[in-house]
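In order of appearance the chains are A, B and C, and numbering begins at 1 in each one.
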């Protein structure tokens, strides 16, 4: 222990070279801080660009160009005995002819394309609802078709040569006339929420997808919530600590990290293949999502149960309650806010899942909203996927709009979870 | 019909509950000392009425489908059945099912129409039989439970045992799911490897799954070597890490060591938002913004960049992974004991030197665990690559090329109307099995690293 | 250099000049006034012990001397503390620089998860004290010798610092702290996490070290203070109650509070 030699040479702390070293060291620290701040800034910037580009490309889809016209419902075309089977295409053609008297028969086909394909059905529905219109004039606001909608929103560049443009000069001139006559309006695109999917962008909406997601999430919740809580309670409060329960726990942690597409394969092989459940049904999607959400709920519930202090349990046991009575009567109610928060977050994640739903067929082209969870349907994220692939210009904006709707739901759900947590969670 | 069945179960359960509750209450009012409080007697009845019936319905529904299918098939004329493979019989069955639902394409053959009628009849019978049996079972449970109401009956014990059993069942669902995944992947993969040799799949460098469905179709002969697909996955993962690692690491270092608590309180949730954006949104973003931006940048540099490069898909995936890396790094840095930080500062190190030379090296195992989990996420990621990456498999590591990944192939092989037995469909399952195994392996290693690291400091 | 208006007893033992002098030091943690009006002169080349019951502020004052309190949010230090006559809280003083001159050893040994060599070399490396590898080797060996641990580790300098026993780790931390050739060595209860044999080894080492450094040691053990130190300061409820030669404090304290603590009535 007596190894210490005589005093060592001291460092001269007033050395100016030392001061230079200090400056260099502080400069290095400053560079590290700048690098960190830049990285943080880069991450924020990317998020901002993501949201801004979606908003910029999608906001236009929230309005749809309409034209207000007088439709002449002559008895020639519509039989009062059977208004359903009237020749509404002729009605539209004749009404358009009234506005553009100079247009000949050959150009009439082109002219008719100004109005959406769905216009004839809208006129029909109005007449069927009120047959007294036959013989008179119906003033109706109908959507224009997608190329004209794009034109009105400024997406078509009038300076490009005509052969490269979607609309010819003459078609543009027709539209301008309608606009000058004040017949063009851009009201809120209700169809986006009230219509189901369609071949035509101006008529396409999210109703089917919204219902599909609703049913799928409902089924997911009904399955994963009780199963998840049951499993978590057993694992946390009652399970003996042995190899078997270890295996279950390891299993749950592994399931949480399995790629979502594998769950899709499972659903395809077992639910559709073996059980022969209907393809594209929201209820099958919900079952698949439930399997994926289960680990999340189990983990969140266990954490909430763990947070309840043992003193509560001991007090109840001391009063003679059985272990189950303690858990279900005392611990579980106290842990509920945390459990609900975790469940909402799990459901929010499930809402955004796409891959497994694609594999069970929820990407089919379905033009009506499902009436029950057992009918074929799409879901919001799969509908986004379908629209993203569609070539029409109108779908590009609608895809962004649909994404904004999805993000809106997610923000709401996450905010609800945060508020729930702030309001009800007690700090022991 | 199905909802009627469930309605009966619910009604029986409610009735049983009420009956037993009243009986138990009457006993109590008469002065008997009940072992268990009345609620438990009532619950006992509820469980006995509902549970066996419920289990019965689930089993019945699972089995009635295949049984009815077999019955219908056996009723078909012999010449139709002769020599038909299992796949053809399945196809026939689904056609007959569609017919029965009213979806007819043209004029069906008379034997098909007859089979459809038979199917409808069988299903009707099945519905009534189910209803009757369920009512019987529920009633039996209700009656039995009612007879058990007595002062000495240990209702609480019984009920708690039932609840315990239910909870164990819930816990086993996770095991069932894993077994289901492994079994379905394995079985279908085995059927695939019956047609395509395993080593050709594992080591083949040619992936062209377009095989002719009918004999007169002109298409490739079908090559199923997965190496180029695996390589594509790895290229995109590497690109994603190149984006996510520096940004994630340095952001975390800054937030952990240098940021004010206010900045931390704002920045952490914002980073979490990046993690919460659905991947289909990222995929669309890649197509809408990232790929065209890269294309323009490429044009400015004189390089021809195709629209679905690994760079676009991988870069977008990297953005998604930033919060993974940053939160794991932040947690790992916070887990380093304060004494190390104090020790370094007391020796005259700046905060930057402390972070770089002491805290970060000490946190590396935890960070590595986080990186591995991010890798696992990247490998299994589907929507970004389906929308932004390519479909042609190439043996290349150039990020400017268009590559395809395992997940893209799984999705494209299965979207569309191919029969279930087709080697294309089975190839998807083989790919799925490899994906599952690889991600499982990475996750196990990651968790082990993180656990060992936690032991170091606890 | 005798400061004016000295508030405490001071008896020259002839050992050292004043190394650190403090005047009217106050420390606030948020609203909590943790140190009140502390003034003391600490001499060089001897061991000064800070004693007192838990929470009395002795560790807090120790941490003022190397400005480690700066790293604690919400901590406010007022007053005058001088090292060799220079105010260490002056704006031009870089705490980084100061902490190389005033080393610290902590209660629980905290070697870095690096090799023994790298642990000791950490300080010299970041301060650029060695021009090349052989100079660094010299510094490391010298420090390990002075830390009385060279013989035990000279054959395994690459082994991780955390693989040593508790007592060895603390000696390693001491070697690490003196590797930057500080002038003052602050020790915050250096033996409280160690077994009696290791404690004895450390106390012997401290006795050696005082020949070269100004050693200030916080301890909760009066016996240890009596064994090891030449001067003792007694803290109570954030105030410096009495300061003087160790023998005198323990046998004939002037303040009744000191006597209560020594005899075990408080603490």
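Keep this in mind: a contact is a pair of C-beta atoms (placed from the backbone, for glycine too) under 8 Å apart; a residue touches a chain by one contact, two chains touch by 3 or more.
What you see is a predicted model; the values in this text were computed from it and never measured.
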{"item": "Identity of the chain that, by mean CA position, is farthest from chain A", "value": "C"}
{"item": "Interface ranked first by C-beta contact pairs", "value": "A-B"}
{"item": "Inter-chain centre distance, chain B versus chain C - centres from mean C-alpha coordinates, in Å", "value": "59"}
{"item": "Distance from the mean Cα position of chain B to that of chain A, given in whole angstrom", "value": "19"}
{"item": "Residues of chain B touching at least two other chains", "value": "350, 353"}
{"item": "Chain C: positions in contact with at least two other chains", "value": "96-97, 100, 126-127, 180"}
{"item": "Contacts with 2+ other chains: residues of chain A", "value": "25-26"}
{"item": "Sites on chain C touched by chain B in the complex", "value": "66, 68, 71, 96-100, 103-104, 106, 108, 110, 112-114, 122-123, 126-127, 173, 176-177, 180"}
{"item": "Of all residues in chain B, those that touch chain A in their complex", "value": "62, 65-66, 69, 156, 160, 163-164, 166-175, 177-178, 180-181, 184-185, 187-188, 246-251, 253-255, 258, 267, 270-271, 273-274, 276-285, 287-289, 319, 322, 326, 350-353, 355-356, 373, 376, 379-383, 386-387, 407, 410-411, 414-415, 420, 428-429, 432, 435-436, 439-440, 443-444, 447"}
{"item": "Chain C residues within the chain A interface of the complex", "value": "94, 96-97, 100-101, 126-129, 142, 145-146, 148, 150-151, 180-181, 183, 201, 204-205, 208, 211-212"}
{"item": "Chain B-facing residues of chain A, complex", "value": "25-26, 28-30, 32-33, 35-40, 42-44, 46-47, 49-50, 53-54, 57, 226-231, 233-235, 238-239, 247-248, 251-255, 257-263, 265-266, 268-270, 273, 275-276, 291, 294-295, 298, 322, 324, 348-349, 351-355, 358-359, 363, 381, 384-385, 388, 396, 399-400, 403, 406-407, 410, 414"}
{"item": "Chain C-touching residues of chain B, taken from the complex the two chains share", "value": "337, 339-340, 342-350, 353, 357-358, 361-362, 456"}
